[in-house]
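Each chain carries a letter (A, B, C, D, E and F) given by its place in the written order, and its residues are counted from 1.
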Amino acid sequence: MTKHIRIITTHTTDVSHKMKNLEPFARHKELKFSQVKLDKGPASIECEFDEVLASPYIIGRAMEAEQDMHDPVHAIVIDCVGDPALHAAREAVRIPVLGAGETAMHVAATLGHRFSVVTIMDRVRPILENHMKMYGVYDHCASVRAVEIPVLEINKDHQRLYKLLAEEALKAVEQDKADVIVLGCTGFVGCDKHIKDYLLENGFDVPVVDPLPTTVMVAAALLEASLTHSLKTYPRPPVKLRKGYSIPDIV
Amino acid sequence: MTKHIRIITTHTTDVSHKMKNLEPFARHKELKFSQVKLDKGPASIECEFDEVLASPYIIGRAMEAEQDMHDPVHAIVIDCVGDPALHAAREAVRIPVLGAGETAMHVAATLGHRFSVVTIMDRVRPILENHMKMYGVYDHCASVRAVEIPVLEINKDHQRLYKLLAEEALKAVEQDKADVIVLGCTGFVGCDKHIKDYLLENGFDVPVVDPLPTTVMVAAALLEASLTHSLKTYPRPPVKLRKGYSIPDIV
Amino acid sequence: MTKHIRIITTHTTDVSHKMKNLEPFARHKELKFSQVKLDKGPASIECEFDEVLASPYIIGRAMEAEQDMHDPVHAIVIDCVGDPALHAAREAVRIPVLGAGETAMHVAATLGHRFSVVTIMDRVRPILENHMKMYGVYDHCASVRAVEIPVLEINKDHQRLYKLLAEEALKAVEQDKADVIVLGCTGFVGCDKHIKDYLLENGFDVPVVDPLPTTVMVAAALLEASLTHSLKTYPRPPVKLRKGYSIPDIV
Amino acid sequence: MTKHIRIITTHTTDVSHKMKNLEPFARHKELKFSQVKLDKGPASIECEFDEVLASPYIIGRAMEAEQDMHDPVHAIVIDCVGDPALHAAREAVRIPVLGAGETAMHVAATLGHRFSVVTIMDRVRPILENHMKMYGVYDHCASVRAVEIPVLEINKDHQRLYKLLAEEALKAVEQDKADVIVLGCTGFVGCDKHIKDYLLENGFDVPVVDPLPTTVMVAAALLEASLTHSLKTYPRPPVKLRKGYSIPDIV
Amino acid sequence: MTKHIRIITTHTTDVSHKMKNLEPFARHKELKFSQVKLDKGPASIECEFDEVLASPYIIGRAMEAEQDMHDPVHAIVIDCVGDPALHAAREAVRIPVLGAGETAMHVAATLGHRFSVVTIMDRVRPILENHMKMYGVYDHCASVRAVEIPVLEINKDHQRLYKLLAEEALKAVEQDKADVIVLGCTGFVGCDKHIKDYLLENGFDVPVVDPLPTTVMVAAALLEASLTHSLKTYPRPPVKLRKGYSIPDIV
Amino acid sequence: MTKHIRIITTHTTDVSHKMKNLEPFARHKELKFSQVKLDKGPASIECEFDEVLASPYIIGRAMEAEQDMHDPVHAIVIDCVGDPALHAAREAVRIPVLGAGETAMHVAATLGHRFSVVTIMDRVRPILENHMKMYGVYDHCASVRAVEIPVLEINKDHQRLYKLLAEEALKAVEQDKADVIVLGCTGFVGCDKHIKDYLLENGFDVPVVDPLPTTVMVAAALLEASLTHSLKTYPRPPVKLRKGYSIPDIV
């Protein structure tokens, strides 16, 4: 049976080009990918303020996905390394919900001794390091480095982006002793090859984890292993009034 | 000059009776307390789902507070031990924003060797333990225990509430070796005395931290010491489109 | 292209029946699974002594797998929760090598707040807890429990095995506050459903991670994402004399 | 009622000028501050040797404070970032005893992601880092830096002191990625503004925690919240002979 | 050359009987042991208050030992599991100074997976756990248990003492999963055999670390390996006035 | 009675010259040292691959030692900082088995605030850091530095070796703030004095731990204190078939 994985993009900007990067993973149509973005919320995620404004709509998208009777969705991937609304979405639905950040960092922790995250701006470093402390991978982190390019400018100049990412990755390997690189933004999807090549040219054969496709593939693995999140950690939200939101079966 | 501290209650239910508990702290009108609740959002906070739905409105209340020219607010206290929207609110405003959970747990860590949190329901234990890992106080935590009373039923039977809280607190001290008790819900405001008395009757003289008044008093202390949060950790959200929200100077 | 995953069973006992449990995962022959056991070494793995005696032969199997020109192998899974020879095998070959223990524990850490491992004998608890400290998941561990059945007797009485595993799992959930159960031996393959049902009957909907199929599926995910281990963490062993071993290209 | 907070200076040198820095905090005489220094002990605290020689006299001052019937003292602040005799003093008296180091570091941990301590000499770094491990704030520490000025020379050249402190603080922010600065000696009282200004000139708006006034204000907050230390962690010293000391009710 | 190890008993009570326990370790007079107790200070160590009052005199004894030209001392052992004045004594002298607690806990950490300390009274548990956090052995600790016998009553009823120690040790092994027992008071010297026998009778072959002889033997090992403490961590106390103390070369 | 300590060199290369370095420690023949190397296995240990290939033979040497009726061995030291087969050897024999790495790092943790390991090649850094996480000394580690000299070339040019070791040690002290140096290879035996002198010339009086003699002396201390490893952590391997190995009483 075809497994349907829904990618929830966590903002309002069209990034449907990302789906091209997932095409090679469809396995002769055994896997089906669909993407939704938000109608409302921030145009990109660059701070906790953005995460808060996006999160109710992310949950809404997650509930829609689970309730779609015509085109059932089997798993959800939250398309942001900051994992906004991850735990809340797991409370809201019973199909697996994976965060691109959590998944990529756990995978990275198994690929080498220490990883560095190369992300958009230094301002998200505290957010990611806080997550690492919760997830248990903080001792595996060599550094968080940033290219200082806002999300909405990522696609303006690909060559410059590749160059800056590759240079920070090389510094992470040489100066911070990183063994693995994690791309710190799902907007960097597909940049992994450029970084990997640059590192190889400089004598370092280290894996570069591209969070979105990696997470999608791990989501497929969980589906095949019939695993979903613990209802003990993420019990259904209790029924109560929640003004301003229309939530069937929960309000 | 009178310092004005705004308590932001993180849901839509009227809990203005809480303000009575703060009256003794007004210091001959040197301190002024005001409280707002939310117009929209959940009727109470009992899971991360609730936190997500409340958080945009909490930030809205924080920004209103900072922008009020007629009755300037000098500090904000988020009235929930789960600290919803805490970091995002600090990004949104420059006056100090304190979380009742973060503050109470740091205070507890200085009052004795290990603290236990006695909270509403066991389902919030993972949320609080995740926060402890971020805040750095996880090794100071003896246990998280729950009375299994939903927030909206807290005020239905005070005697039963006191009894259950006191019994869990005693188990925390005797079985989990807790040295300090932290009330795990700001809805328990004022219950500290009952627990403390019960523990004393049973031979244990341990402090019971009531998060709301404790946090309000620490907020006053930070104001007097001219301290607010680091703009380096919590820089202003970048200007961008955030559909569905009208945010002056940020959108 | 069909991906070929080689399962290296880490002892000399025939456990080819395990392969039946992997059949459902073949994805219309997109994935191919093969299994080898050891010619020499212990009949089962129950202590570090066994791991040491098995490890040279595990590495030998890994090198054979990588060098097979007729039936290329794309990834290796070490079929033991104790992860014997895991790092050494990664040094020896460049295709991905996954440990059933490391993978299952990282997956478990993403499925809920805390996991318990239910394993064969309490004597392996220190081994697993040491690994957790290295892997970074120690703070996610609620407990390690054991059924006290030696590996070679696992298949003697399935009903008794299911019963003991289920009872320990229930104790883990109720007494140790586990949110996720990890089977602590790949010999328990297929037991997950029995435990899950028993926990559901007792009111707990928690995932049960079966390490072997879970790891095989994650291996497939890594292959699809073109990820393998860091050559920086696991560089090729230097060329030197290694008496008693015939190792092409390394000795 | 006026609350009386006693500052116990932990050495024999006159530093009564410090009290000027506390005047602005008196709140129209709601708070009263008094200071005592030691009759015997070291002239300053710069190592654990000094702490040991000062500690019996610090405890003596704490017991005197609690026993003063004419001018009752409600809380004690130990006037040293090294927190000498902190736990022992809490055993000796039942009024709250706060350490300037413990309090400042916990406050700093709530103001931003990571703090740096800028202190007198690098030789106290191990002492402070050991304390951080006990207190739980070690993961929040970016660095400990020193100006290499002995305590007794702090007041010899204020301009040089400000300059050196500001330069180390800037290095902490730029090189060590500190988000908050903690002054690492209570002798630096009042220097916070100079450092803060220098950091602002260099583009960094980060809080600078001045331990003495911050701790005094937190002490007032604890008094108002009716909190003191846990008798379970700090039980009264048992009655026994203690030669060379005359301790009413304890010897 | 005979190595002379000085045991500094940290209180004023005569415990010269302890030296009998060290006789078997003299190695045909290659090692010489001497003991001093304090002239002033508490009659026993049972809290941090006692530690503070004893510590100046402990340092005094350490300095006397180093300065004795007639009978040179080569190493010092502080005869208390609470390690009073340990770091300060290392600052004061250049010969090795070992703490019975620090040494015993590090040795225990190498003898098995987790150790339990069985000590005099539960009130010292926070002190010991704080030390474990500093020393790095906290994750190796299974529990701290107490027999609730004050130090000065240890020698009143040996049979009762052995029985209580053995019972707590057995609980530590069975309930807390301890693999090693550490005696939590140097006053328990020689009790290790009784506990070990009792555990063996109950089916557990676990080592029991007797801190005083173990530390003395490790001190001898350090002397033979020409190791002493780092002058970088423990630099000489600076010259300054220290009223009430007459300290040659330091005051 | 003379205590006989067996040094098990973990490879096939003759390093009998090392025994000269132990001669000064014989204590008038109270201690007897013997050394064996491996008949089979790698010519040196430089990666986990080498450790795996050496480990079965190390265990064999350990069992031979314990079973030698003619010249009884009382303790075993594994002559490699990587501690290969350490836990497995403890399962195999009941006399104490010490690892040069584990012992040296625990000793270093008691000699100063933080230690740096100066080792052969950077490729062993992850191995050592993983061990530190297990042993509990990771927070005491300032850095792992390497001279990039393969083990088999250590003895080719002593002057160059001393120089490189000393330079890395100085960098560790100055740049990484190390307080203690640990030699990261037992092949460096005797180099401690050269490093120590060089550091002294540069103004740093820090201890340099030479793992082999230090561990031998600690082994003697454990023997004298009648301590061996916990049978609860390291129970005897169960009797079972282990093809390719002839192991009396265990197979």
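Worth a mention:
One rule holds for everything that comes next: a residue touches a chain if its C-beta (ideal position, glycine included) is under 8 Å from a C-beta of that chain, and two chains touch if they have at least 3 such contacts.
Here's who's who by UniProt: A, B, C, D, E, F = Aspartate/glutamate racemase family protein.
This is a predicted model, so every value here is computed, not measured.
Superposing the C-alpha atoms of chain A onto those of chain D requires a rotation of 120 degrees, given to the nearest 5. For chain C, the chain with the farthest CA centroid is D. Separating the CA-averaged centres of chain D and chain F is a span of 44 Å. Once the centre of each chain is set as its mean CA position, chain B and chain F turn out to be 52 Å apart. Computed from the mean C-alpha positions, the centre of chain D lies at a distance of 30 Å from the centre of chain E. The residues of chain D that reach two or more other chains are 113, 126, 130, 133, 138-139, 179, 233, listed in rising order.
Pairwise, the chains that touch each other are A-B, A-C, A-D, A-F, B-C, B-D, B-E, C-E, C-F, D-E, D-F, E-F. By the touch rule above, chain F contacts chain C in their complex via residues 12, 38-44, 46-53, 55-57, 59, 85, 87-88, 91-92, 123, 126-127, 130, 133-134, 150, 152, 233, 235, 237-238, 240-245, 250. By the touch rule above, chain A contacts chain C in their complex via residues 25, 27-28, 30, 98, 102-103, 106-107, 109-113, 135-140, 173, 179-180, 204-207, 209-210, 213-214, 217-218, 220-222, 224-225, 227-234.
Taken together, the chain F residues at the contact with chain D in this complex read 113, 139, 177, 179. Residue ranges of chain F in contact with chain A, taken from their complex: 125-126, 129-130, 133, 138.
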